[in-house]
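Below is one structure; the comments refer to it alone.
Note that the chains take the letters A, B, C and D in the order they are written out, and that residue 1 is the start of every chain.
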């Protein structure tokens, strides 16, 4: 679960990471007032769950209260399109108004889970403020990593080593070490999958300040973080994806026309590969997930049918936990509720497959059955 | 014959009194698996399906029934505890089916398990494992699609494993064992560890290996295959057409960095000498061709 | 470092371990008021750093405010002698006035470090309120232990197991599990060497309450617990032992007459064995410790000389870190300051031994030199 | 010849710019030890005694000097960090002299070190170790009392080890190695581990073992001696006359429970076949008698 920069900065500040003075505003008038209070100049930052905000025009430096009002008016209520969003972008409903900082250097710091190490690692790079994935791809040797052994935590020798590699002078090195320790506490205490500061700046007077702040909280751990659940901002999520997530369905909107209903993430990805290979791009990734009953299947199909781009539906269900008759009933329910008439390619295998096929056959829906992935491929191609 | 499970495997189901646990315990029993105990704290003394005694603790279950395999269905907040309990009792094989275990729980568990070298965890977030020849199913896979034989299957994904098995069985190719290692970023047993077991198993002639985008576990497997693996192996990597940066269902399927991409994995495995399965539809046929070449 | 029951209970309460309602009082008048406020009956518990308080008369149940005043008057200002104190006892300067509890069962719970496991273990016993060391000696099978792996912490299956072994019914089992979790947090967060509840009671209405509370904080870790350092009560310590501890000297008062100055704990213990075997019981254990200069040695010798039971002094110094000449200078300094005239047996070996011996020889003190432990033994016997 | 140290040992002193670290680094060098590097964060670039380069980090020191033994004198709050730093850099032998390291730090360190099986920690709160034949002293013991020879010494205590060595040397009995394992409740290397090394060392004929009250490490050693140890061994346990329940200097010397008492330890070791040294004055003579019997 992503949270906003200003929310992450509140958490950072509680852990004594220095952040710029700032105020969240939701109207142009508030923005004007906030900038006036800050002495007439500030930076306005669109609060959206997407990277690449700066290049997309979501960050504006203003030199007067009037400027601020104008800039805020243009940003608030708009949708921001960045390289990380789709073409619709994400809505800008709030701005973070922050003091302008005297930036001498921009660094990158993050903690995430390393699968090979099977634990958290701290990443640091002297080239902050940039697209870190680009650095990782082009100059991997410029990214320094420290694995953090859970039983010890982040050790001082590691923060010293990172500070040395970032070539920080004495005072800044010590402040940076404190920031790193705080980041690790934030990471573990909040079950984060990512804590990132990009850029972390060194000011002209050698202070270390988190200019940006990113925290992703692991969704699976939210059950033990009641305080964090309230930070979710549904407005930032794709409505269909959010609806699906609420029901325990993994749904990702894609650009094609074939609506896909699959059980299991691996089989769902395989299904994308098959339809793509058949020249029929999928409209979505959908894994109906574990513990699905007919209502959950129906919800999944309704979500698929809610996408106007979908012109046919592919069902690929391997009956195991999810029985084929249950899946079939859910599909029929959803088509009836939506009054949908789209053609269906259905491949079902496993538990209660005959009952499932019978239900679909008797439903009046335009069903083509396929038994193998090859047949699926052919059927989808034909229907395209 | 086969790996990890055999006729002497005695299964204890943790969370047997839950809906999922009960359903799958029954399915395992129907397949022929020796389910000897259930564990649900507070429900000790019950009898599941008039056959299987339920205990309050793993300690009691192991002492009373000699259970030597744990199959875990408890909800995510309690999954780490269930794994640790079985590990502390020295249960040598633990399959944790539970989906949604917080990663930091698994991280800590992984360190705990390092102190118990005789305990192996499969999963979490996995379909479990099966040995069709021994009629022993420890997981949620549909038993009926399997057939005893001499091909080993290993995969990160659940239903995709069934797909693979189904294609094999449809062509008359039986399986020595099938292991779903799980889709979470941190898991108990890696591809390499399962491949080592297959390498040493005299009853496995060939391996079908299903990887996916995300992480670099397939590259580690490639390195192992190149260096030490002595048997024919064919590999499918799914997710080649998944869009970058998007989260695809389970945490295993996020694309991050070059090595996580399907092309990089396919290339590493090809160079290691594995036969590449071109599309998910070709699992069975590729395996069949490879088997024919062996003869 | 030991802290008082009432201090430990304040920490317990912050971690949501139930404790009886109570109030610390320092005068009989306050005791009277406190008991009146509690409805006229209560228990008064002497706040001392010693076990065996109950048997020694340090815990009194009172049934009226007047009783309370009387009991408090007899306790406050007295010295309590228990089987854990020496014959002088420890001063009672405060009382904890607590509500009377409806006790159905008394249990024992503790966390300490297990050397073999190299980590913390939780101990539990159904026989609370007793001398647990007696139980450990006579019925070790009645003490249940759970090793706690630091990276995981105390796991729920472990608290369930302990609750089952203590044969706690459902509700009490859950409360006890919460208490155990809180104890582990207290143990780790405060660098304790011991957290103990003896007895932990089950009330008539199945509540789980810490009737007593013991916390020993590791002295070596106090540098990172500024909040705990203030809890030290010097009045409870032997004045000489406390003075020694302040100077980094390990000193333990014993019952004999031979004052011992040794460097190194192992050699100090060996020295006790040697003097005891020679029939000349030592007056103290003393390890002058690392980094000793002449002032520190002088302090150590002054502490030895402050014990009126001492009638001769044995010096056993192996010059390594501590040079023999430095030790000798310190000894002479102390004898001069104290105007002492006691005979000395001196055994010195190692760095600068000749200079050391020369200093002592020229000092005018009544020194007998010994080169080996056998000679020490003979010299001490002769002097006895 | 001897254990753990030899002519190829290259010592790095962590905390070399401190008072104690500097003093003992000089003493080690005077003994003939190859002190090749010092480490003090923030003091990199200095040169100690015009000979030994000082580095900011262990990583730098190891890379530049090939140091393979760490000798630690940093103050208690930083000791765990210093040990972890050397362990992470793969330094195979670490002697931590620092006294007063919080026990919970050492507990956590012990788990970390389990993940580094090629790294051995001696201590903390120990005098270090010495190999007189190799002229290699890694610790705070007075070098002059040692003499090259074929008796191994192992002890929990510092000055008492010197006492033992001194008695041996005075009788002309040289030492192959002497190891002080440290007096804290949790330490890196136990008696058993050192005994195993002596057992395998062709240049050690006999061992002098000095234990003390507290804990049960001597009993573990007794079990090992009984089962596997093949050389003559004589044992002194100090603290027999220490009063129960009293804290005696270091945390190792608290009496808790039956097994912690001196009598229990002596009895266990006697039954394991060790020769018992009757009093601290008899270390040398007991060893001498045992050596004579060997011939």
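As a convention for this text, contacts are C-beta pairs under 8 Å (C-beta built on N, C-alpha and C of every residue); 3 or more make two chains touch, one makes a residue touch a chain.
Here the structure is a predicted model, which is why all the values come from computation and not from measurement.
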Pair exhibiting more inter-chain C-beta contacts, C-D or B-D: C-D
Relative to subunit D, chain with the most remote C-alpha centre: A
Centroid distance [mean C-alpha coordinates] between subunit D and subunit C, Å: 28
For subunit A paired with subunit C, centre-to-centre distance based on mean C-alpha positions, whole Å: 55
Gap in Å, rounded to a whole number, between the CA centres of subunit D and subunit B: 46
Whole-Å separation of chain centres (CA-atom averages), subunit B against subunit C: 53
Residues of subunit B engaged with two or more neighbouring chains: 108, 111, 115
Contacts with two or more other chains, residues of subunit A listed in rising order: 149-151
Contact graph of the chains (line, ring, star, complete, other): complete
Complex contact set, residues of subunit B against subunit A: 19-20, 23-24, 76-77, 99-108, 110-111, 127, 140-142, 144-145, 155-163, 166-167, 170, 183, 185-186, 210, 212-213, 215-217, 220, 236, 238-243, 245-250, 252-253, 256-258, 279-281
Partner subunit A, residues of subunit D touching it in the complex: 41-42, 56-59, 78, 80-82, 84-85, 88, 108-109, 111-112, 115
Residues of subunit A that touch subunit C when the two form their complex: 150-151
Contact set on subunit D toward subunit B in their complex: 111, 114-115
Interface residues, subunit C side, partner subunit B - complex: 149, 151-152, 155-157, 160-161, 164, 170
